[in-house]
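So that you can tell them apart, the chains are marked A, B, C and D in the order they are listed, and the count of residues begins at 1 in each.
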Amino acid sequence: MKFYNVPIEDREEVGGYTLLRYRWRELPVEAGQFVMARAVGQPYSFDPFLARPLSFYDYDGEVASLLFEVRGNGTALLDNATESIEVSAPLGRGFRIDASGGRAALLGGGIGVAPLKVLGRRLDEIGVNHDVFLGFADAATARISTDFPGATVSTIDGSVGVPGTVLDAAMDLEGYAAVYACGPNPMLAAVKRAAGSGVCQLSVEERMGCGNGSCNGCVVPVRERGYVRSCVEGPVFEAEALAW
Amino acid sequence: MKFYNVPIEDREEVGGYTLLRYRWRELPVEAGQFVMARAVGQPYSFDPFLARPLSFYDYDGEVASLLFEVRGNGTALLDNATESIEVSAPLGRGFRIDASGGRAALLGGGIGVAPLKVLGRRLDEIGVNHDVFLGFADAATARISTDFPGATVSTIDGSVGVPGTVLDAAMDLEGYAAVYACGPNPMLAAVKRAAGSGVCQLSVEERMGCGNGSCNGCVVPVRERGYVRSCVEGPVFEAEALAW
Amino acid sequence: MVIRTGVELGVELCCIPLKTPLMPASGTLSREALGEADGVYGAMLPKTATPRPRNGNPTPRIAETPAGMVNSIGLQNPGIDQFLQDLGAFDRGMPLFVSVAGDTVEEFRALCERLAGEERVDAVELNLSCPNVEHGGLTFCAGPASVAEVVSACRAALPDKPLLVKLTNEGVVGNSRAAEEAGADALTIINTIPALTVDPHGRRVLVRGGLSGPAIKPVALRAVYEVCGTVDIPVIGCGGITRGTDVAEFMLAGATAVQVGSASFVREPREILDEFVEYLKDANLGAVDLIGGLRDFSRSDR
Amino acid sequence: MVIRTGVELGVELCCIPLKTPLMPASGTLSREALGEADGVYGAMLPKTATPRPRNGNPTPRIAETPAGMVNSIGLQNPGIDQFLQDLGAFDRGMPLFVSVAGDTVEEFRALCERLAGEERVDAVELNLSCPNVEHGGLTFCAGPASVAEVVSACRAALPDKPLLVKLTNEGVVGNSRAAEEAGADALTIINTIPALTVDPHGRRVLVRGGLSGPAIKPVALRAVYEVCGTVDIPVIGCGGITRGTDVAEFMLAGATAVQVGSASFVREPREILDEFVEYLKDANLGAVDLIGGLRDFSRSDR
């Protein structure tokens, strides 16, 4: 896997998350695609050994941004990076945008908000109207929702917006021509159940070794096809294809 | 082994070497002692796994300094450190200074100059007169000799001072009451041969795993006693004790 | 494919000329990533194929460890039929090696028989690190007798192509000797090392599988060194190769070629080749000069 | 020594109560560094003693590897006589275990006989990872028969003290069973893994010895897990333990206690204990609750 050393444009803390921007002009970016990212080992370091999959939060043709939550060692090191980080080219299949025109719903659970910013941008570009529903644990993490004007926000602790999960806020999903969602797997399963007969695409999260299809680590069960690699056939899947 | 996180006071490049100062008040320092030093893993890193032995270059009771050459990964990371490094307490047996009063010769080969600064300081404190002889490869590394006023300098490439090794500069070692030397093992063996019947102490360099006597990695052969650990019984040995 | 470096990179393995001594380790380079191989590798080696399609294990299949990773993919593959149908993608103008595994000696034999007639296949690698269902699930590497049995059967079924035998670290010296005597043309050393990761907070097994990556390099290097001191057939070194100097270290220890596995997840193989070329330039040597070229042989072990 | 943490840290090993489940791995804590043990370790375990003094191997004896190190000390030690004379330094108010190794079964037996009468010694650990000069230099761990022979002899010579048997990774399950049947009271798993480091520029062997440190943790954890599923005697986990969660992982996999080796070169053992205490506090568990406490047992291996 090829990694590019990219200079950090800026880095900001937004509630519980880190928003990191870097200059990127090598290859185009689809909404829903991701990069394998890591801090720069100086000199080359093996600890941690693997890079981390992170979705594109936004991309304007010049500057790409990642929004991430510090969970363990890899994200902590990314969070500490000051000058540059190393990223792969854009990877995976993103959202296959339904341009037929009907209204779309975008649902994000927690850090699952990440791919929705650039998705909304694309929908705007092609003139698809859409509503955004974002669910968070608490007010701190919900702060990123200020970057989504007009979004309906929910929090588990009830401190901001609708008390409950994102599905308590997005009550009538069946009415949408397309539903796009990203978040923890249980949320995605619930979205799948709640969505109507229209388009429903889910961005799944599996541990990844390589990000380019080589290790077979990141599989999800797909109807009639067994396990498929989410890094090349996903991370965005049609809900009906997923065998869960 | 306990490591202390110590803030870097300042860092300077002197010719081919790095001079790094850190605040130290925990425990006293003997001339010829060393620390195990490493860059701060953030979060804790295993790459490289071991810390590196470095001699005290100087210590004034407040600020300790290390002078080192970047050779591999460990010293490169130390060289890149900006805010703090991790060091052990002072380790090993340093020079057993002969206070009987005779004139002393201090010999350093290359980065073996490191322990001579603080040794000279101690000799000055107790009023022992001494001459300093420093041998380097070239003019770049020889630049550190400006920190040793009055020292006789030699360079292998002849660009500064006496052309040749430090022993070409320090011609008559037999005349000194005490000889203290640090440098590559072949140089130390030559010093041993050239020194007279007075005190002759050599600071040896062996790969170290622990620095506190636990791993038995750093041994040197000693007359009649087989291998002894240079991190606790050295790194400074009486020349006559060494079985080489 | 032309590799121009001003340095002699070619080696010969079982009479097959390789433009470089590097090749992918089986199971670590997918069709989607083949672009990374061009101009870098001296041979191509796709993931192990089994007689029937295998779905593999449930996730999590990978976990990270200090300087390495543990995987338990479970040999997911589409089965030999589909594998051969798709093989065209792996034809990158370099020798093509195929890795196979079966549940029984007969399955191994039948796979070799099948490949014997495949013109596109230049050599076959037996992945013996999988459980032998006829022997209570011990792997085919469980001991010299087991290795000898499967290798002899495959040798008979594959008379005209080089037969490479890939072994695990455990018992590697005895197993290597057995493989050589049973007719192997070369050995690949080593496969992953059995390992376990535990999630201490969830108090669960995370992944029970095989350890790979830089962590195992010194173990693999030792295995290659000992085996090269024991057998006369060429050895392909594998395990933790991540930099150009790693390639050199394995060849110095006796390997004729090397395989790059986990490192290709975190670097471009081309960078490893570039570093190796730099190394050779500095040393003023060609790749073949390195093979078994340690200047000394070591003192006794601890 | 009083360890007050508000957390139940004590475990019992072969009827010996240990205040904490941590102890040093043999050969990694010297007399000069004993201060680090106080209030941290539950037992003391000095470097292996042999019948006669041993000078050990020439340098370099250690080399660094990714997340680990390779050592080839060669069991340098002053011999059992001097060792026992100096043993007082290791009396730190905690149970004292003594590690021994011989070149022959008879030497092992004689060492045990000698220690049988030593009141200060609470248990004996046999270091079986050393070459058996009567068997062409294969180690005493070379197989179950070899393990059974030396353990039976030692058992007979040491009827009244716990007998711990320390094994290498290779063949560990079969060897563990053999040790148990031959009368071992507990097993220490694992010793270093045979490894090699090469200096690519000097084109020389750097160190041929044993790999230790975080790199081997997943291998050691797997060994402990498999052995605990096989034998009924307690297991002491060893290999790469560097943080508090590592202690927990080994105990969850079935270990009753653990040994800290290479990590003590790069950290204070006290930090590991502190992290372990934090872990137990968060989990609201005592140390003994962890032993074999994985919630699941894993799916089949790859």
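To be clear about the criterion, a contact is a pair of C-beta atoms (placed from the backbone, for glycine too) under 8 Å apart; a residue touches a chain by one contact, two chains touch by 3 or more.
Remember, predicted model here, so these are calculated numbers, not experimental data.
Q: Enumerate, in label order, the chains that touch chain A and chain D alike.
A: B, C
Q: Quick check: more C-beta contact pairs in A-C or B-C?
A: Of A-C and B-C, it is A-C that has more C-beta pairs in contact.
Q: How many angstrom lie between the CA centroids of chain A and chain B, rounded to a whole number?
A: 54
Q: Averaged over CA atoms, how far is the centre of chain A from the centre of chain C? Could you give it in whole Å?
A: Each chain reduced to its C-alpha mean, chain A and chain C end up 36 Å apart.
Q: Centroid of chain B to centroid of chain C, CA atoms only: how many Å?
A: Chain B and chain C have C-alpha centres separated by 46 Å.
Q: Averaging over Cα atoms per chain, report the distance between chain C and chain D in Å.
A: Centre separation, chain C to chain D: 33 Å.
Q: Residues of chain C touching 2+ other chains?
A: 65-68, 71, 73, 213-214 - these are the residues of chain C that touch more than one other chain.
Q: For chain B, give me the residues that contact two or more of the other chains.
A: 46-47
Q: Chain adjacency by touch: line, ring, star, complete or other shape?
A: Complete.
Q: Once bound in the complex, which stretches of chain A touch chain B?
A: 41-43, 45-47, 73, 76-77, 80
Q: Would you pull the chain A residues touching chain C in the complex into a rising list?
A: 1-3, 44, 46-51, 206-220, 226-227, 229, 232
Q: Looking at the complex, which residues from chain A come into contact with chain D?
A: 46-47
Q: Which part of chain D faces chain B closely enough to touch in the complex?
A: Its residues touching chain B are 27-33, 36, 47, 53, 55-56, 59-69, 71, 73, 76, 213-214, 242-243, 262, 264-268.
Q: State the interface residues of chain C toward chain D in the complex, per the touch definition above.
A: By the definition above, chain C touches chain D via 57-58, 65-68, 70-75, 130-131, 169-171, 193-198, 200-205, 208-211, 213-219, 221-222, 225, 240, 245, 248-249, 252-253, 279, 282-283, 293-302.
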